[in-house]
Amino acid sequence: MSVVTNEHPAHEHHPFLQHHFEDLAQQHEASTLGMWMFLATEILFFGGVLCAYWVYRILYPEAWSLGAEQQNKLFGGLNTIVLIISSLTMALAVRNAQLGKRKSTVAMLFATLVFGSTFLAIKGFEYWQHYHEGLFPGVNFTWHEVPALAPKVQLFMTFYWGMTGLHALHMVIGAGLLLWMMARAWRGDFGPEYYAPVEIMGLYWHFVDIVWIFLFPFLYLIPGVHHV
Amino acid sequence: MLSDFPLWPDQASTVAPSVDALMTFMCVVTGTVSVLIFIVIFYLAIKYRRTPENQLAQDYEPPKALEAAWIIIPFLVFMFMFVWGSWLYFRIQRVPDNALDIYATGKQWMWKFQHPGGQREINTLHVPVGRPIRITMASEDVIHSLYFPAFRVKCDVLPNRYKEMWFQATKTGRFHIFCAEYCGTLHSGMTGWVEVMEPTDYQKWLAGGAEGSLASQGETLFQKYACSTCHTNDATGRGPVLIGVYGTNVMLNDGTTVVADENYIRESILNPQAKIVKGFTGIMPTFQGQMSEDDLLKLVSYVHSLGAQKTAATPMEAPSALMGAGTPPPQKGTKP
Amino acid sequence: MSSVTVNDARFVEPEGARNYITHDYGALSWLLTKDHKRIAILYLFSITALFMLGGFFAVVMRIELLTPEGDLLTSDTYNKFFTLHGIVMIFFFLIPSIPAVLGNFLLPLMLGAKDLAFPKINLLSWYLYIIAAVMGLYIIITGGVDTGWTFYTPFSTQYSNTHVFGVTFAAFIVGFSSILTGLNFLVTIHRMRAPGLTWFRLPLFVWAMYATSIVQLLATPVLAITLVMLMFERVVHVGIFDPALGGDPLLFQHMFWFYSHPAVYIMILPAMGVASEVVAAFTRKKIFGYSFVAYSSLAIAFLGFLVWAHHMFVAGISVYSAMIFSFLSYFVAVPSAIKVFNWTATLYRGSVALMTPMLYILGFIGLFTIGGVTGLFLAAIGLDVHVTDTYFVVAHFHYIMVGGAVMAYMAGLHYWWPKITGRMYPEWWARLAALLIFAGFNLTFFPQFILGYLGMPRRYHAYAPEFQVLNVMSTAGASVLAVGYALPLCYLIWSLWYGRPAGPNPWGAVGLEWTTASPPPMENFHETPVVTWDAYDYPAMLKAMGETQNV
């Protein structure tokens, strides 16, 4: 057998090369593949609730369109734009990290954080509005404009709060991760040979964005249906 | 001696022999293949055991055709099993015409059976032999499952939805009823007996306990809940005429049609806005929460009895005393 | 027959060399380890403890079932016992067992790697498991849960008065343990194979773990979201699954089984991987039809996602749905059949050594075959109507899970015990235990096929008197089975101090794991191997050794 020694000379390798990897390239490929796999689980996770949502949409089309009528399309649309811009800044952050531009990386990460926080603020405001309109299922549901359909509209609102809540949770976690990335970028950790953390942060962020691209039409843009 | 250790329950229904035949086939085929595999393994493990002379395996690759053979042949056998199983399943699912209707309710932890003549039973079901019996059932609470091992049929019983099963008993006797879907504390206590009787004995039993047919009790409720206010006998009412509706195709106001079966009637009472008949507006109030499962059953039975295709139960060789129960109102001129 | 020793001086450690066990000491060095071998040992302790807990529930149930009346436990307690038996055995024993213990230990060794791709995530997996287990234990002590491990609604959401929320939350957490393990394995297999180790040179155990990991990764999140919805419904009662409020209990069943059917493949695929390794080692031959066996693992993983509603044939799905799922269920049986035939064919002209691991695996092949063919019975819808929800199904899945997966786990544990601990287990005691387990198992579960066909439903605390004889037989078998499981517990622990020290390759097997010391050093290999031989290339390896074996 040929020899590829496992004894390493006193730290001649990159400070962020983990010892069980042969080289940074392998580490980078492993990290990105790992993140893609994690995103696959997230697709199945959100996919499950989207399927359940869709089953009920087919069963109760009027209640679903009534539920969508309760949403604020302006805020939803604004949030969509905000999130798409944040994906742009995130992609730029990855690019800057790859180019070793320390300050630009931090700046773009910060911009992503700002846009992400804007999204969360608008969402928070929507939630507050909905709560005061009596649209929180179970605890504070007082919507009865079409009494016969009220339980099914409550079911819609369950999906609304559940799906956007899960999404918002992912955004909050993303925001925390962005802060961490910013700290690391400021420290100068990233450069052409090592920028994988920013890249996988980007993958995660883009995924969260794509989930919203599904949630927005599903929850806000259902066309009206004539109901008696 | 062998009867002390039965391997299968009584064959007491028309499908039981077919189910047992498929079971026997499966046992023989899979048993033979399994035993063959065991024998081959046993034989090879001994013949090629590791000895000082046989330390290393012989360099030998069996023909690849063998691999193909044991992919294709099992697959064909499986397909045969699939076809047989599906054919049998269709037989089990398809309810024959002129079945005797029984309504069943499962609730924690008992079975309630109601005969069309109004006779009610708890945990016991009397049925005539040699006659298809259709059981329409719902649950009052959680999911249960009505299981007659001797008839080889079971069907889950769901809340808020009617399901159907049928059987035709081929011999008289007493057979188990089990609940087969875990439903809480006394799931294993939710058992009973089906008493299959000769037709004459069944008539005698029926005569013993009528309290007014299900349908006539339903008629009383029809008045009590003021249904007749809108659902009059002619086209002047604010609601559709219900005479002759059961079993027909109803045109709804969104252009679709639906068959007026038990589920449709039940839904129309509990959620009238879901399907509105063409030409009418959705002014019917909902009775969700206002009537019990029993009442619902009676009303459904009453509307059923007003139906076009399904008239009163085909006259059996029955004493005329019995024919007072279960007949529809004489609008269609059908004789009792 | 004594064991075989292969003395290759290159792989014998010098005196006083450290291995992964002796590398450093102290509880924290284990509890905060990132080494995959130590994490495997942590899992070994945890799942053994939980196996005993799950077994305890089973033993008490079998004692109760000696008599037709419910006279040992109250109905509620019995219902909690079968629920907890299922939850503990499935989520806390079967699903982790081979992947988290044997997979964790062996995968990097088989790949010539120093560790898994994400060692810290590996440790996190174990901690998630422990957190979930502690929650589960707390729930058991404070009243348990009585919904059945299947949590059907509306019973679980509206009617049960037990800790449904707590248990589903624990299951949610342990699910993430499973997902992360699968993720780790997939990335490791893709990116960390040694130079020269191409896909078709991989051991079949790796292929099996790869297929398992795909299922863990993609199926478990669906369980997670289903449990989230269940928890939400339990607390807020909005009617997601409650028919009175417009919900659909069948939606729960569909979502639940969408995970839980692939879950059974998570439990059996690793067992099949162990079978391939043991058969190859104890026949000293490459598995017949290597690529077919490899592909069949992938086929099972894929097809396993398409058959879930065969658990719902009488639940209220349409006749046409039922037919489609029946058809696909027959389809998924074909790759399993391929494996059984291929293992059997490998024996032909092999050099068959009936050591304990091989005995377990031969038992596995037989019992898995019986369990698998009874699956064919259940897939025939007309027959399923009669036997579903009866003891027939209970017997079917215990044949596969216990007669199959657990026996393969025992086989793997014994086969790799020398590698993991550096000690041999006592061969004759081990063979005795294997035979007791085989006999006890069959006596316990074969009568249950008959009970099921006779009509005895599942989850019954009390039963009709005519079922008693078969139940007594079953309980008698369970007592033999219990002794059978107790023996390895004793002698394996004994062997840690008194077992004969094992060399690097006590079985004379081909595989990268056998080219390093027993127990392996912390970094697995002193030099990263470069692989130039095919999987199971016995002729080449042993020729290269130039050794004659001592039997």
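First chain written, first letter: the chains are A, B and C, and each begins at residue 1.
One rule holds for everything that comes next: a residue touches a chain if its C-beta (ideal position, glycine included) is under 8 Å from a C-beta of that chain, and two chains touch if they have at least 3 such contacts.
Here the structure is a predicted model, which is why all the values come from computation and not from measurement.
Compared with chain C, the chain whose C-alpha mean position is the greatest distance off is B.
Ranking A-B and B-C by contacting C-beta pairs places B-C first.
Inter-chain centre distance (chain B to chain C, centres taken as mean C-alpha positions): 38 Å.
Note: centroid distance chain A to chain B, computed from Cα atoms, is 47 Å. Along chain C, no residue makes contact with two or more other chains.
Touching chain A in their complex are the following residues of chain C: 113-119, 179, 183-184, 186-188, 190-192, 195, 217-222, 224-226, 228-229, 232, 235-240, 245-248, 251, 255, 258, 523, 525-530.
The part of chain C that touches chain B in the complex is made up of residues 1, 70, 75-76, 79, 146, 148, 152, 154-155, 158-160, 243-244, 249-250, 283-285, 288-289, 292, 314-316, 319, 322-323, 326-327, 330-331, 333-334, 337-338, 340-342, 344-345, 347-354, 362, 365-366, 369-370, 373-374, 376-377, 379-386, 388-390, 450, 453-455, 457-464, 469, 538-539, 542, 548-549, 551. Within the complex formed with chain A, the chain B residues making contact are 271-273, 276, 281-282, 286.
Chain A meets chain C in the complex at residues 1-7, 18-22, 26, 29-30, 33-34, 37-38, 40-42, 44-49, 51-52, 55-56, 59-60, 137-139, 151-152, 154-155, 158, 162, 166. On the chain A side of its complex with chain B, the touching residues are 148-149, 227-228.
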